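One structure is given below, represented as C-alpha cells, and several questions about it will come after.
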Amino acid sequence: MKKYLLKRVFYMALTLFLVATITFFLMKLMPGTPYSNQEKMSPEQIAIMNQQYGLDKPIWMQYLLYIGGMLHGDLGTSFQFSNQPVSYLISSRIGASAQLGIQAMIFGVFFGVIFGSIAAINRNTWVDTGLTILSIIGKSVPNFVLAVLLQYYIALKLGWFPIADWGGFAYTVLPTIALGVGPLAETSRFMRTGMVDVLNSDYIELAKAKGLSKFQIVYHHALRNSLIPLVTLIGPYTVALMTGSMVIENIFSIPGIGEQFVKSIMTNDYPTIMGVTMLYSAGLVAVILLTDIIYGIIDPRIRLAGNEG
Amino acid sequence: MEEKMKLQPKDFQALEVKEELDAEKIAAPSLTFTQDAWRRLKKNKGAVISLFIVLIMIVVSFGSTPFINRDTLVKSQPQYANLPSKIPGVNINGFNGKAKVGDVWVDKYAQAGVAKDKYFVMGTDYLGRSLAQRVVYGTKISLIVALVATFFDLTIGVTYGIVSGWKGGRTDNVMQRIIEVISSIPSLVIVVLMLLVFKPGIGSIILAIAISSWTTMARMIRAETLQLKSQEYVLAARTLGQSPTKIAWKHLVPNLSSIIIIQTMYTIPAAIFFEAFLSFIGIGISAPETSLGVLLNEGQKNFQFLPYQMWYPAIVLCVLMISFNLLGDGLRDAFDPKTRR
Amino acid sequence: MAERILDVKNLKINFHTYAGDVKAIRDVSFHLNKGETLAIVGESGSGKSVTTKSIMGLLASNAEVVGGSIMFQGQDLLKKSDKEMQKIRGKDIAMIFQDPMTSLDPTMKIGRQIAEPLMVHKNMDKKKAMAQALEILKLVGITNAEKRFNNYPHQFSGGQRQRIVIAIALVCYPEILIADEPTTALDVTIQAQILNLMKELQEKIETSIIFITHDLGVVAGMADRVAVMYAGQIVEYGTVDEIFYNPKHPYTWGLLNSMPTLSSTKLEAIPGTPPDLLDPPKGDPFAARNPYAMQIDAQKQPPFFKVSNTHYAATWLLHPDAPQIEPPAEIIRRAKIWREIQEQEEVAKNRRAEAMKHADVE
C-alpha cells in the first residue's frame, strides 16, 4: 500500500510539473506584460520595467525562476491588478469558492443518494419513472440557465433569498442549489443503477431468505455496497464544480476564484490565469489521490487483500 | 377412476419418436443482436420520442441554411427592437404581441407601429432581429460544433484506446500516464488555454472541445479492448495470421460499436453544453456568429424585462440535451442484455 | 409413524414472459416427514428451484401461483403475506444457495451476518446474538473461530464460505432446511466434507432437509426419500433404495443409466432436450425422448401408479395392460441387487417375528 501511495504522489508531482511547464510556455507565446495596461512608455522605461519584472532574462532562466517561485508560493504578479501578487488574489478568494464547492458537493451527493435509493427500491413503478425524469432534466438543464432562473424567480420575484453577493448562509443557498443540481442528478442515476445491481445479487437473495425486512436489507446490506462505487465520482464532480463555479460565481457576484478566472481571461491577465490553472490542477490531482485512498480504506476487499484461508 | 384407466390395446403400441428433433427448437423467434437491440429500443418510448426530436431539430436547423444565413442575421431593424412573440392565430397574452409593462399587458406591436400582417414567432432581440431565425441558426451552429467536436473526439479517443489496449505492456503504460496527466487538468482549463492561444472561432472551439474530452472515450475503449483482446475469437484470428489492423477493423470495432455509439450520445450533449457555457461567459463564439450559448448570454442581460429572449433558446437547449441524454440511456439499455429488468 | 411437517399439494406456477406464459410447475405434490432428507432430482429447467422458492415465498415478480397449497404448521404458506413470510424465513424454514462465492455480503463481517437472523427473529441483543453466532461458527467446523469471526467473506475459501452459509441457515434451529444444489459449485473433496457436515448437523439441530441436486451420487449419500422431477412435474418418488434399485419410470432409468460406474465402457446420455414449457405437450412430457414410449404417451398424461406404499411412478408402463418390456442392462443389474435387498429384509423380518414370539412366550 505504501509503495503504491508513493508512486501516486510521484506521478502527482510529475503531472503538476508538466502542467506548470506547459502553461508557462503557452503564456510566453502570448503578447502582453505586467505593465501593458498602463500608459505608453518610452523605450527606456520599458527596459527598466522589463528588468524589474525579470523579463530581460533568457527564457529558461525565467522558467526556472517561475518554477522556483511556485514552490515557494509565489505565482507572479497580476497583469490586471498591477502590484497584486497572484497568490494574494487567490488566497483572498479561495474561501468563498471552497465553501460553495463543498456545499454543492454535499447537497448533490446527499440528496442524490436518497433519491437514487428510493428509485432503485421502487424500480419500474411510477416513483422510479418520476425520479428518473427529474434526474434527466436536472442533468440536462445547464447550471447557468438554472442559476438565472433561480435568481429571477426565487430571489427577485419571491424574495426568499438574496439576489447576489456573499454574506451569511442565506447568500449561499441559491448558488449551492444551482451548482449542486448537476451532481444531484448524476448521483441519483448512478445510485439507482448501482443499487439495482446490488439488489439483484445473490447475497441480497440470501438476506431475503434470512427473513430480513425490505428496510433491513436496504439499510444493512444494499446501501453500503452501493455507496462504495460512488467514491469514484468525486473526482469528476470536482471538475464539474470547478467549471460550474466560474459562471455561477459570475451570475451571483460571488467573490470567488471562478469569477476571478473569468475576469482574468477577459483581461488577458496571464499570470493569474496560470496561477488559477495550477490551483485547479493541483486541487484535482489531490482529490483524485484522496478518493483512491478512501476507496482503498472503505472497501474491505481492497483493505484486507489476500486470503487468510 | 376405472373408466379413465381403460385403455385400448393399440394404445400400447410403440410410439415413433420423430418429434425429438423439434424439442431443440427454441420457441421464441431468434433475432440478431442489432434486431434485438432495435426491438428493445423501440419499446422505450422516451428514447423513440427523443430520436424523433433530435432528427427533427437536425433537419430543421440544417435545412434552414438556404433561408437563414449570416446576412439575414446581421441585418438589424431597430424599428422592431424587443418585440414579444406574436404567433398568428394564438391569443394568449405573451404570445399575441402583448407584453407586460408593470401590471398591464401592452400591445407592443401596435406601440412600435408594426404593420398588421408582420409577426415574429419568437419575438425580436434588441436589434430587431427575428429571434426565431436566430434560434434556428444558433441551434445549427451549436449542433455543428457539437457533432464535429464529437467526431474528432471519437476518432482520436477510439484510435488511442484501441492502440493502448491492444499493444499493452510498456506502450499501454506510457499512453495511460499521458492520459492521466491530461485528465488532471480540468477540461475547461484546457479549453480556455487553447482558446487563448488560438483566437476564438468556430474552428478553434471545435478543436478545443475535442482535445479536452477524448480522454474519457479513450479510457473506455481501452478497458473494453483489453477485455476483448482475451476473447477466443480474437485469439483465433491472430492464430490465423490476420494483421492487427485487420483484426481491429473486423473484430474489435464491431464489438466496440455499441459502447462507441452510447458514449457518443453522451458526448454530444456535453459538447453542446461546453460550447454554450463558453459562449455564455464570452470566450466562445462571438458576434456576428451566433449559437445557443450566445443567445443565452444576450437573453440573460435582458431577463428581468424581456424574459422570452432567454426562455426560447434555453428551452431549445434543454430539449436538445434531454433528448440526447434519453437517447443515450435508451441505447445503453437496448445494447446491454443484462439490464433487462 | 412418520410425521408430515410440509405438505405440498397440486402446486401450479406460471411465469409471464414476453413470449407468453411458461408453465413451469404443472401439478406437483410431495411431502416432507420430520427428521428425514428428501432429495429432489432433475435436469436444469425441470422446476426444482422454482418449487423450493415457492415454499420460501421468494418467487420472481413475474411468477404467478395459479393453484395448489403448501401446508406448514397447519397453515397454507401460499396464502401468507410477504410480511408474514418474513417471520418464517430464516427462522422456521431456511435456505442455502448454490454459489458460496456470491452468497455473502462482501462488506459485512461474517460474524455479524450469522448473528443477523438471531437479532431479527429472536429479538436478541447484539452481544448475546454474536456469542451464539460464534458457537455455531465453531459447530460448522471453522477453525480459529474467535479470530475468524471478524473476517470478511473474501478471506475465506469456497468450502469455508459454504459452511458459513450453512451456519447462517441453521442458527435459529429451523424445522426445515432447503438446500439448493449446495455442493455443485465446490470441488469434489470439499463436497464430501460439506455433505458430511450437513448430515452431522441434521442430527444435532433436528432439522428436516429438502435437498435439490442433479447429482445422483449425492442423493445416494444423503437422502432418505427421492422425488424425480421432469418438465415441471414429479414423475417418480420413493425411498432411496426403491428409486435406486427398483426404478419404474423410463426417465429415472435414463438418469441411473447415465451415471458412469467402474464397469462402464461408454457414457450413456439421454438424447434430446426437455420440452418447451411455453406450450407443454399434452401427453407424457418425457415421451419425445423415451425409447419405450407408447401411443398413449402422446395422448394422455399418465397418473401415478402405485408400486409400494412409499413408491409411486407416473408412467403408462405400469398400467396392468401394458406390455412387459426389457429395461436397460444397468437397470436389470440393479434389479438383481433389489431382489437381494428384499431377501435380506424378509430374513430380518422373520427373525424379528421369531423374537417377538419368544418374547410373548416368556
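Think of it as A, B and C in the order they're written, each chain with its own count starting at 1.
Basically, a contact is a pair of C-beta atoms (placed from the backbone, for glycine too) under 8 Å apart; a residue touches a chain by one contact, two chains touch by 3 or more.
Given the structure is predicted, the values throughout are model-derived calculations rather than measurements.
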| item | value |
| --- | --- |
| Chain pair showing more contacts of the two, A-C and B-C | A-C |
| Centroid comparison with chain B (C-alpha atoms), farthest chain | C |
| Between chain B and chain A, distance of the C-alpha-averaged centres to the nearest whole Å | 25 |
| Separation of chain A from chain C, taking each centre as the mean of its C-alpha atoms, in whole Å | 57 |
| Averaged-CA centre spacing for the pair chain C and chain B, given as whole angstrom | 54 |
| Parts of chain A lying in touch with chain B, wherever the complex brings them together | 11, 14-16, 18-19, 23, 26, 29-30, 124, 136-137, 139-142, 144-145, 148, 152, 156, 239, 242-243, 246-247, 250-251, 261-262, 265-266, 268, 273, 277, 280-281, 284-285, 288 |
| Residues on chain C engaged by chain A in the complex (per definition of touch) | 56, 58, 83, 86-91, 94-95, 97, 99, 102-108, 116-117, 120-121, 148, 151-152, 154-157, 160, 165, 168-169 |
| Of chain B, residues touching chain A in the complex | 177, 180-181, 184-189, 192-193, 196-197, 269, 273, 276-277, 280-283, 296, 300, 303-304, 307, 310, 314, 317-318, 321-322, 325-326, 329, 341 |
| Chain C partner contacts - residues on chain A that touch it in the complex | 201-203, 205-213, 216, 220-221, 224-225, 228, 299-301, 304, 306-309 |
| Chain B residues within the chain C interface of the complex | 4-5, 7, 9-15, 17, 19-21, 23-28 |
